[in-house]
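The following block contains the structure, expressed as structure tokens.
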């Protein structure tokens, strides 16, 4: 089924489920109440108006609600706008979930989580396996659906687990190339490195980060993540050196102090976690930016990479999502 | 009683208790064994030789031992050297302690600790008082006798508690000037801000830091200190906001990221702790450096301040220790 | 008496004295002349319109004038606007001064000046007292009413003297804690450190800085301040070392070169002046920013501090002004 | 066969082939001529003396010569020294080559080269294959035996090809993880990225870099390498976009400008080349440095990484050479 | 003849030749097609509207076209706007060229080129003369008419050759002052230093740079320029050291790495080229910025210089163009 | 006449006038007093010993004294050393001055001063001429004989005036190229820009700077120089804008804040003074460093330029001194 916004090209009238991103009650110049909304589905987002709004007749709505709307798409000031004719809340009988309305990864989060849990189960160091398992369990649902950043890389539903999963593949490959690396440590570092973000930010029901959490900002996700490791290890009674090593990999994963770690990576496994974190984020942002330009062209300056990019003539489709094989 | 090194000016023969800083067994060009030592007391340090050394006759010695020596002070290559004639270990009946042999603060550490504990007891926030009390108790003896740095500011026996005590006086004064400051928070931040150093470094029996602790280096004393706060709060069952605020004050006390904190001070009390930490260290180093030059002269470039200093003509004696009043 | 802007919440009709911040004659779409003004009082500022303006009937006005206005407050484009019905200049018989219309310190500037002059009078070094007295006298009225900055800290009427007065209290407290400090020098440094700003900026009749002075920019207030010290000392025939020390404290008070001083503080008193200048400004900006958010929230990034702030749950009212005790 | 230096532990008398690193004729205090040499083999290096040296009797020698020596190893000033009793040049009939005397990779350079040439042959872009083949051929013998740096990473015989080969393995693994990468480009970039070093430095017969080449310094190996690509492409008549892309990957491989590239990587393949170049060098230096300390200890500050490293307790042997499998 | 825009002050009706900078077909609120243009001549630029546009009647137009227009200048939203009454393309018989419509240098580009070619002809090093001649010839027309930058210094028609010509005069003068400079090298460096810009940017028919060229961005004009030197020298069979020196002067002319050169100037001639390039650009921007303010005033912060400027009271007319003498 | 040190190559015995750089009385291992001196002439410097020293017989000596010595030059520890046989102070009848013993400029300082005074006399702005004349007169003898730096550029006798003179020639040439420059201002800026150094450093009788002056360090030569301008202008009663402009040129001549000016050049003349100051110093250091290497070679890293230099094959003699023409 094409999304409501994909219908836009097909005609003026449209119907479908959408997600409310913002919703304000206002008064028109004719003194009549109306709803001013921003709606979104996988096709993007569109401003919408519900004129002559009456709570009794149309119902009450807020950000994060899924609604079914019918309306007409106009051009206003050079931009598309949806004039809503009918609106109702999603019913429990409607066969639609957040996954269908929010752009995210094509590989299901549950499959990625299964792969992650299998990796943990394979650790030789059973204390480390126990510790990492507990940390992932505490992260809970948020690890499955939340994004990895407020802006910039992997700011999509499921972005955090997808970033983690993608890094695991790269990390595993590098462990084959450099046999002196302790695979358990590298994998553990990758899996927990960004779990602190779940406390550092507030997430909408869509899984998208909407703002920094005030308390989370007081430690940041690096130090906050390390504190959680320490507390969890204590709960589990684990006093292995691996606890300290895992704390260090989290603290140091932003690399040298200029980039936000006050402690740089001090052993090879920490260096690998830091390097592939940066590389995975850079490649994500690069491919996203290049999807917007033609071959042979440069992008505008990409925030977060602080440079322009060049899309060469190679026959590559820049995909932001993992393909099932 | 003048120290052995102070006798140096009075004649060649000297007797007294000294501390062994290093001790190596060597073979002379005449194939005879001898001990090559570095000895110190409050007057400074002096290289020493014990010729024709026999463990059976003279005993075995190592760094940190207190010994009684008798010998002659010679000039050798333009520097004083002690030729040891008699040596023996300190006996339990000898009325001498580390405090008499190592330069430190004139105000007894116990008195400073009493003052600190009284301050904690006066906190309105009883959870905070409980938490800080527990952290100070865990720090134990080290808080009383250890130095505050490997090199640079307050690298003397008792330097850590003296630095803390001196900051408390400044912090208290500023709380009077800026009444919006929460005095409990400021004082708590000052008292615990450097406790992480006790794990970050190894200390000699003299209380002087001798090297960084490898494990301590993996988190540093800022993050290590914050983790200890989190673990202690959990033990005590304290879930107050003050736990997070205290963690933040420790993490951020090196100020802006360029100076080593990855998180800058985010509320006024954290800013005050950071500012007076820096000021107290700077004034300590300034007065120490200026003690070496005449009025109207500049010092050489001071490591840690990265500048030269000027000693003006004011009639001030630069004292490095707190005077009892 | 509540200010005109405070009446805003009480009804549409308002009357009171206000300050003209800007004033432009314009022509309406109906070809009728009108005055477009920005008016302010202690409650804030409000755009205002005087329709069908006739100089003969209403009088001529310009920025800095105090006027009495009567009008109606409307909402226009979501913001309040004052439609003026009557306007007249302040008469000499009106019992209103700039102090009542411009937000400033609650402690009268004259009281703060008295305290400053008493401090100078108490200097042991009489040459220094003479020099500082002369510098303050030359600063004149501007020292009493002008702000301390164009934007950022203490940009309110009387901000400069209030910043100076607040620093004096902190400086005095630190002189008690660190007895090796020469109190005369520290106090002199505090009092004159920002006098150069009076030549570096242009001030409105309100005392608020409106722009940098072109000539003042050629030296800046640090070097410009030092030159004024040198010239004044020469006039007074003072050749004491204190002249050079005072020049140095002014030149170096922005601290290390990265922050704008080409010469860093080279003796303890200069360091103290620089440190408390920075701390006083930071605390001022912190408390001002936190006044805008709820407990448990973070502010947006604060210009000048380059970070977000967290307002903790402590029961503090952030006051920007000194309370009489 | 154990090397001469490995015999050192077995007794005072030693015989074997060694490489002359430096060689000076001097006059002893007894007015007798002698040779003062520095000799090396895979076991390290040792100063040596040939007393009563006579060119007629002993022959003439210079740096880079391979010689057979017989002598006695003494302790002098706390360090081993070889007193030469007999010396002669390597004869063509002696079964010894530079590879046996200089520490290098255990995987033969020829095998690595074969693997590199096979990779090039597999390129889909035949113009790129032709260009890279020609560049490798021009590099010649130097690519097989020279080191990758003057100091720091891969400064061993064959270090350049080993660094290249190791990066190829990592690059290939990342191409599997990120399918949007053009494998030909990544591999080409890896293979040529450091070829400019062969002109930027002077190499001893051992393959070790001894100093920067003056002319090479005028462009550096990044720009010098790019110019060679341009010239070679012109010779071969290749005008494909791949020429420019290859030039860019070489120019940008030091990453962001702060680290020495004036142009940052502008497409994903360039980013991958830059990232794995840095990672491969960092891991090489990390493992080399950690080979010098015990488990649970930190190294001293590592030049080039600008930090201390921690060797954790994991049971890993840090090997600097590739193992045949 | 005054330009159309200079007629603006003389009355509402205007006629003249103008250059089309942008041209869009739009539909008015009355559903009628119109052209929305930006037109320019030496007097500046003006938005223009051609209502009721009909391609058949008015013709088709695009950016870069020269047209003759007749129209009326209105005020709209506080800005001038041209309502076009008649428009036609420039005919071959019209006596108008780009030079008359675009602000540029008053000294004809051809005269500057003649002077440059004479300088080259005077080189003692004939290989260098041959190389530089060939590079200038390849640059062709673009060297005569294009600007030197996208924004900032010398962004006017003919800006590149004017910047080069102006630097030549300064360079020649410095060669007189410092006789150890090789005049041939300095002059060659000046002449070719920015030729790479012709490939780094796209230029409009006006000679003004409109955007960076994607391929040119992959090397930048420094390295791109050096590659062109290498290729040209190879074509000409020149293997002189001067080729490498010229490459170096181009690579290093942005000075120290912080300012964009990865290789700093390594001989005096390269330093001189770099210094006068920077000075010529700075003086151009300074005089341009100061032309906008009165004597005794400061400019706003100048982009590219990152500071405000002060216009002193000296009786100077800031001219941006070279005067014929 | 060849200097004593130039005789060194001609034989062991030498006689001539030399300058004492340092002079210490010591006791030999045979308990006999001797003088340990460092002597210098234009040929360089040499350590010297006067054995069996007797003040009565040989006289008393100190640094800065000119002496006539006769002695033998030995090799000791691989370095030349002078064994003094006879020594006496320079007599008033000896026809030798400091100029003959200290390396300096070949152009006499008096001639350079004459040229400078003529330039000042030619100023159109007579107030400026008066002010600059007075500043040069106050500088006195020091301006003629002192060096321009402690280390680095122009650290030779007469270096300050030579640096000034050389800059004047370059400045004059640039005023011809850029006619909008006010020649009076540029020349005045050049002449006074470094006069503050005469107070910032202590100079030996040789004119060489030996250390920073403590008081001079409190303001530095930039601000110290500006203060002297302000005081002198006041003495002369000059209130012209040129006073402020001259102060600014001195304050800003180290360029952007990163290089030591807290105020950057704000008008073209200040930029020119700053640029040619830097260029003149760089060229001086470059030519000095390249005099030490062969053509086709690189120097070692040059302190102050922070890079290596390349000496190209051009037939240039690097001269450090101005030639008379």
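Just so it is clear, A, B, C, D, E and F label the chains in written order, and each chain counts residues from 1 on its own.
Definition applied: contacts are C-beta pairs under 8 Å (C-beta built on N, C-alpha and C of every residue); 3 or more make two chains touch, one makes a residue touch a chain.
Treat the numbers as computed from the prediction; the structure is a model and nothing was measured.
Common partners of chain C and chain E, by the touch rule above, are A, F. Shared residue numbers account for over half of those found at the interface formed by chain A and chain D, and the copies are therefore classed as meeting with the same residues. Looking at B-F and A-B side by side, the one with more C-beta contacts is A-B.
Distance from chain D peaks, on a Cα-centroid basis, for C.
Distances between chain centres, each the mean of the C-alpha atoms, put F farthest from chain A. A separation of 46 Å divides the Cα centre of chain A from that of chain E.
The mean-CA centres of chain B and chain E are about 65 angstrom from one another, to the nearest whole unit.
Of all residues in chain F, those touching 2 or more other chains are 215, 217-218, 245, 248, 266, 298, 308, 310, listed in ascending order.
The full set of touching chain pairs reads A-B, A-C, A-D, A-E, B-C, B-D, B-F, C-E, C-F, D-E, D-F, E-F.
Those residues of chain F lying in contact with chain D across their complex are 296-298, 308, 310.
Taken together, the chain F residues at the contact with chain C in this complex read 215, 217-220, 222-223, 226-227, 230-231, 234, 244-245, 247-248, 251, 254, 257, 260-263, 266.
Against chain A, in their complex, chain D makes its touches with residues 166, 169-170, 173-174, 176-180, 182, 185, 241, 245, 248, 256, 264, 266-268, 271-272, 275, 278-279, 282-283, 286-287, 290, 298, 306-314, 316-319, 323. Residue ranges on chain C touching chain E, taken from their complex, read 212, 214-215, 217-218.
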